[in-house]
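Please see the structure below; I have some questions.
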């Protein structure tokens, strides 16, 4: 039977890089969402402090299968 | 009084076509969401198996009025 | 001699599917526009009623050659 | 510790203007969402009745910090 | 019977703000177009004179039902 | 008094180049539209025949002031 | 071992509808490409003749795994 | 002689609305830039505090003629 | 019988202008591709050397019919 | 050592065509900017007067290496 | 003599991060394509398994000079 | 008092990865720009040499508060 998926939008952050920010977003979402299958990067931003990158921020859409 | 609407993003699938995939997404969403009023197609993708289209996948945004 | 084309934007609707909504838009436009040559889908939306898709709405741009 | 944010999409409406429609969306969302920090305008539409603008509709994404 | 809609693109202007520019566009269009139902903002620009905003310009698409 | 503008979409063609295709579109439109003030390029395409560019096609939006 | 995929862009056509045009594109591509896994709709256009839709044209990107 | 224009990108803010945020951006820019002629809205965002819109933020591109 | 088309992406260059760069791309492609029917401009860039435009670069998508 | 580049946005104009407008923008910018390496077309517009194209306007982003 | 470039679209994957996925795509493509000169990121996605990022997927366009 | 921000566009490069290229851009900009607060990734490209990624290039917009 064909499946149905829902998509949520989350922002993950990391002082290290973009991949780490995505991992943080997915790990956090795993606390409340099950059956996550894929993510897609929507935008990449960051915060600057004292002339240096202080935080990488990645907005991702996460798709998960609806349980039935 | 002016109304407020929320928008959710859902992926419907169908072996038949795009319209059927949208219908599947809306029908499934109706189990948990009430007062749905419109949808908008975000993207159309699909899965291929053995050289043939195996599944049509349509991502839709669905708007519904917030109950008060 | 090179031709000139004009483009109009029309929304067709159908309870059946996206292709039928496009056909309705083109058929209706044919009442007042001649020499239509192509269409391009701009967006695909729809109306939901009682938890089911009630109407598919397709916005199309239609190109037609200007008579001289 | 780096924070995680979630993003919801809401449509606010107002008979007065775009800013008022955004305020309506945020105020309504505050009933159920806490720690909202920013919004971003996605699209601006409206309803026309009897040749006049009857309603301004603004779709916004709202970001809020996830409580831990 | 399903309806058909046409879309026109109009630029309204106002010295006051964006909502007023939209209202001006819709009011003007009402002189020649009937059964207008919705508008959608395409772009927001403006003219500057002597270091101040002299005019807000909003390009809107306006949808109206075709009479039959 | 603030002005109101309408926008039409036209495709001009030329065997020579893009600027010539725009000129052809504007010249043709001048037969039926008055008070044209600006154009904006929407897309640039063309036809190929026998391995050579046979025609440049430029889609432009043309803005003109509404007479009152 | 992580896989590598290539993406080709193909236009399928059909007198019936958009889903059939996608199927035609995939079936045709299967003659020369193996291990196709997904498609994504890029644009939907069509040809009009004598005031009726004569052909649906769907541009799709098709992804396939590179054999090693 | 044809003119040359430069474009700068500025973010204006206001507690009142979008038009006021644009005006603030233009007024501020007028301290250091002369011969500004037009602006174009790039994005509209805002800050939320205690469940209410605390600040409207509009990113605009401002064009000004280069003095010679 | 409906046709199938493939699309390739090519960058043409010219010291003269954009149209010439497109012509160069199409002429070059004609060495290895047959039945080319249309092109579409994707982006226009260029190289600057010693304060002057040294090269116009146009990225085009070229569509050609698949032989059967 | 890796280089750093800055990007400025400029509008060039010409009564002749798009390529000439780009050249005008680059030539003008060369008065104050050194080490320019590339440009990218952002938009193409123009002014119409008395039913004819009076001016081509091309907005370009110009990249130049930062001297150290 | 001006050069001609072709562009291919490839998806690289990596369990580590986005840069590694790009490197994988380029390295793999080097088996069959020569004179590659640049890449451009088209989209960044990934696969999630058991609540963790299992694979980063980057779609890149790769440009290479055509040998003559 | 509401603040005003300016946005500049910079390209950072790195042989290591995208995050490092962003850091390089911000660090370099800090030599001449003060009060930088955020960045936003505009595009990600790179240079290929001898079949390997030789340089990651990230175009970022950097926002900084205007001193008063």
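Letters A, B, C, D, E, F, G, H, I, J, K and L mark the chains as written, and numbering starts fresh at 1 in each.
The working rule: a contact is a pair of C-beta atoms (placed from the backbone, for glycine too) under 8 Å apart; a residue touches a chain by one contact, two chains touch by 3 or more.
The shown structure was predicted, so the numbers you read here are calculated from the model rather than taken from an experiment.
J.: Shared touching chains for subunit D and subunit F?
T.: Both-contact set = E.
J.: Interface overlap for subunit A and subunit K, more than half of numbers shared or less than half: same or different?
T.: Since fewer than half of the residue numbers are used by both chains, the interface counts as different.
J.: If you average the Cα atoms of subunit F and of subunit I to get two centres, how far apart are those centres in Å?
T.: Distance between chain centres: 22 Å.
J.: Just the number, please: Cα centre separation of subunit D and subunit L in whole Å.
T.: 30
J.: Residue numbers in subunit I touching 2 or more other chains?
T.: 8-9, 17-18
J.: Going by the touch rule stated at the top, which chains touch which?
T.: Inter-chain contacts occur between A-B, A-D, A-K, A-L, B-C, B-D, B-G, C-E, C-F, C-G, D-E, D-H, E-F, E-H, F-I, F-J, G-I, G-K, H-J, H-L, I-J, I-K, J-L, K-L.
J.: Write out the stretch or stretches of subunit L touching subunit A in their complex.
T.: For subunit L paired with subunit A, touching residues are 17-19, 22-23, 26-27, 29-30, 34, 36-41, 62.
J.: Within the complex, which stretch of subunit H touches subunit L?
T.: Touch list, subunit H to subunit L: 8-15, 21, 24-25, 28-29, 55, 59.
J.: With touch defined as at the start, can you tell me which subunit A residues reach subunit L in the complex?
T.: Residue list for subunit A touching subunit L: 16-18, 43-48, 51-53, 56.
J.: Looking at the complex, which residues from subunit G come into contact with subunit K?
T.: Touch list, subunit G to subunit K: 2-9, 61, 63, 66.
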